[in-house]
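For reference, the structure is listed below as structure tokens.
To keep things simple, chains are lettered A, B and C as they appear, and every chain counts its residues starting from 1.
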Amino acid sequence: MRAFANRHPVWSAILVVIAAIVLWLIFAIWPKGLSDAIGSKKIFLNALFNGVTLGGLYFLVASGFTLIFGLMRNVNMAHGTLYLLGGYIGFYTADSTGYWLLAFPVAFVIVGLLGVLLQYVVFRRMEGQDLRQTLVTIGISIVVADLMLWGFGGNFFNISPPSWLSGPVRTFLVTGAKSSGELVYLTYPMVRIVIFAAAVLVGLAMWLALNRTRIGMLIRAGVDDRDMLSATGARIQLVFAGVFAFGAGLAGIAGVVGGSFQSVAPGEDTRFLLASLVVVIVGGMGSIPGAALGALLIGLAEQFGSVYFPTYAVVLTFIIMVVVLAFRPQGLMGRA
Amino acid sequence: MTAETGLALELRGVSKRFGALAALSDIELRVRPGERRAVLGSNGAGKTTLFNCITGDFPPSSGAIRFFGEDVTSFPAQERIRRGLRRTYQISLLFTGLSVLDNVYLACRGVSRGRFSFRRPRASDALMQTAEELVTTVHLQEVRNTRVSDLSYGQQRQLEIAMALSGAPRFILFDEPAAGLSPTERRELIAILTGLPGHVGYIIIEHDMDVALRVSERVTMMHNGRIFKEGKPAEIEDDPEVQALYLGGAAHG
Amino acid sequence: MAVLDAFDPARARDRNWIERVPPAYWVLGLLLLVMPAFAGDFVLYQIMGWTFLLGMIALSLMFLAGYGGMVSLAQMSFAGLAGYLVAIFGDSAITAISQGWPWWITIPLSLALTVLAATGVGWLAVRTEGIYTIMITLAIAAAFFYFTRQNYDLFNGFQGFNTILPPHLFGVDWRAPVPFYYLALFWAVAAYAAVLYLSRAPFGLALQGVRDNPRRMAALGYNVTAHRVAAYAFAGLIAGIGGILLTWQSSQISPGTIGIGPAIDVLVVAVIGGLRHPIGAFLGAFIFVLLKTFAVDVLISLGLSGERFQLLIGLCFLAIVFFSPDGLLGLWDRLRERGLRDPLTGRAKDDR
């Protein structure tokens, strides 16, 4: 961090100022003029929380995508399909057993296995042929999307979390003060907070696993230099299959999360594939911290956009992408 | 700094480091216009790095390079190409989806004016004529309309040479043109090289002592990024030090 | 299909252009010209008209992908943008937005703006390479789709525009089946000829050089970025013309026309046909249109619901990319090669 500050003093100063403003906006009781100008603090805090938690969801989807791309240079355009499949599996598991928590391991394992299948049937047979892999996975996503529509119908499903998670919780953040002087606190759905915390945990665990364990080192070495990985004599195909399973499994879990946040429905596959693409383009291909940063930015942009400039919400996301591409084509955290 | 006049290529104290590794140290090299020079040395002696420095693909860490009296050390690769310097590559960097003639045509057009044109060239187009002639020079006229990806390895090497000859070169760097060729193809290569117009000088990197000595007037020996001997082919061939080092260090050559 | 192999540009270079047009072209050309004499309105307007227009948009992708090595999923967006602009500047049922300008301003202006947009997108997309191009152009296409759906001031949101009609030029109703057929045919042939011509011009050759080896092209003195961006601009023009005609054909444009599905359909069309030769785009479009038109009947006859169209097209696409990456053109090439080989020795029968 200090190195960054030394290299880019202006940017660091700008970032510090932005951080200070945001912190003030979060913790201070807003003066009346501000509320009149941009709406109440409650709306702002809600957008912020929704953005951050949506970012958590995007991170879950995109981190698998970026991990697979970073290690194997495989572009899996069926990633959104894996997400949606995870959502349906999660819905039926939770619905039939009544255990919401059970949906996660089931979706993880089944979708992870499908990921391995994809790796063996498609990617291994077409190693190094980017375009063909892309085309084949696009084909698979078209076919599976229609199969899912056939099998599950066009209805919206909602995975309902258990009662102990579904209620709102009172946070320590003040949204304003009543005329009596009594402070009003922000309430927020418990489930979103828990899931966001889980996403952070997953991210941290991934980062630790990549940086602190032998297998993680192996994977990172593979990301940097694929020839070296095969030279170390590691059972490279096994590592590849493992990473693919994990990345796909994450997409499956994300599907359950998405189904609890929002809904499981046809079309969500494309939406989350696009979100993953934008997140990794912004964050940088193959970088886990990049995926986290990109997911946060895009999540916030979408939520703030839809609250403060509804007609141009998409444009905000697009502008972020264009600016990043124009100034840092490799992404914020990507290697040059 | 005094530049020796009348030299095609002059390297003064050229060094190239990759991190801690000194790929080239203090190279001094003088080549006259029209001279044919061979650079010999074992793998890792720094021969290809030397070429990369001369062409500007990787500029040297220190030292100066003069091309026909002009200091080109800081020039980008295409500026050097524009001044008549050409090279061939060890690995194939051809345009595999295009025909032989189109490859040469592109190389010719790259050094001419008006590279950006939407008008189709006519068969009588001067550049097209030049390209045809070059294709004939390297004995590829039979396959001039064949896609490069369908050529044999030897033909691809010949095409490399045709591309290096495009646009009135004054000096060419050949990077192991004979590697992987059959004996017949080698004879053909030697014929092409010795048949080049007299004013075109070149440096050739070659593992095959036989080829190198037959197509060169002078030989420079490199080892571990340094030049350690220079002389006429016959002198080099008989030099005991060279024999010990070269025959010992290049068992695969 | 004989059209495919009949045109060998290198071999044909020495002859004059009349002789250069291979006989198969004359046959196909004649067939297309006299088609209105025996084909019904549905075939002319829906099947052939749509084939030409979809083929043009796929052709713009083929040009970028086949010659430039850049797979852009934004081609449908350029087509849609041109259609939208014609509706905005010209006439439509949405009089609150449509300006009602005459066609000789509207059409050139729309195309110019589309080319400008394509140039901008190209400039962004060529900052990255290979597989990133697909992702970035897909993201751009998606952004444009959502934007048109949300924006009511300019794009009239979800509804889009309807009753967008071609001008009554020379007293002809260009939306009548036969005139429209010839209109679409004319522009499809023009675009096809332009692409074929450019592919052998220095610009096209250099573009193919950039596709094969950008670094060497740069070393040879070519401006790699300029060639790539110019390719986007040219492809944008073709897609734009196709888009305007497509808008006239259905007389409407809405976000549904330019969604992710249609964007991918263009890729499917181009890949099914084959990216190696411009004819592949029209071949793919023809097959796609036939499938889209008749798949429902086929599916129902197989006892499946007609809704499973996506499944059918997806499976076709999968089969092709799995077994013949060069599309139907590649399949044709391979079959022909096999036919030319002696079945006993496996050697080529004649030295062509």
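Keep this in mind: contacts are C-beta pairs under 8 Å (C-beta built on N, C-alpha and C of every residue); 3 or more make two chains touch, one makes a residue touch a chain.
What you are looking at is a predicted structure, and each value in this text was computed from that prediction instead of being measured.
Student: Give me the set of chains touching subunit B intersected with the set touching subunit C.
Tutor: Expected: no chain.
Student: Farthest from subunit B by Cα centre, which chain is it? Let me know.
Tutor: A
Student: Taking all protein C-alpha atoms shown, work out their mean, then name the chain whose own C-alpha mean is nearest to it.
Tutor: C
Student: Using the average of all C-alpha atoms in each chain as its centre, how far is it in Å between subunit B and subunit C?
Tutor: Here subunit B and subunit C have centroids separated by 43 Å.
Student: Between subunit A and subunit B, what is the gap in Å from one C-alpha centre to the other?
Tutor: That pair's centroid distance is 51 Å.
Student: From the C-alpha centre of subunit A to that of subunit C, how far is it in Å?
Tutor: Computed from C-alpha means, the inter-chain centre distance equals 35 Å.
Student: Under the stated contact criterion, what part of subunit C meets subunit A in this complex?
Tutor: Against subunit A, the touching part of subunit C is residues 71, 124, 127-128, 130-132, 134-136, 138-140, 142-143, 146-147, 150-153, 260, 264, 267-268, 271, 307-308, 310-311, 313-315, 317-318, 321-322, 325.
Student: So in the complex, the part of subunit B that touches subunit C is made up of which residues?
Tutor: 55, 57, 77-78, 81-82, 93-99, 101-103, 105-107, 109-111, 115-121, 123, 144-145
Student: Quick check on the complex: what are the subunit C residues that touch subunit B?
Tutor: 8, 10-11, 13-14, 197-198, 200-203, 205-206, 208-209, 211-213, 215-223, 226-227, 230
Student: Spell out the residues on subunit A that touch subunit C in their complex, using ranges where they run on.
Tutor: By the definition above, subunit A touches subunit C via 73, 75, 129-132, 134-136, 138-140, 142-143, 145-147, 149-150, 270, 274, 277-278, 280-281, 285, 310-315, 317-318, 321-322, 325-326, 329-330.
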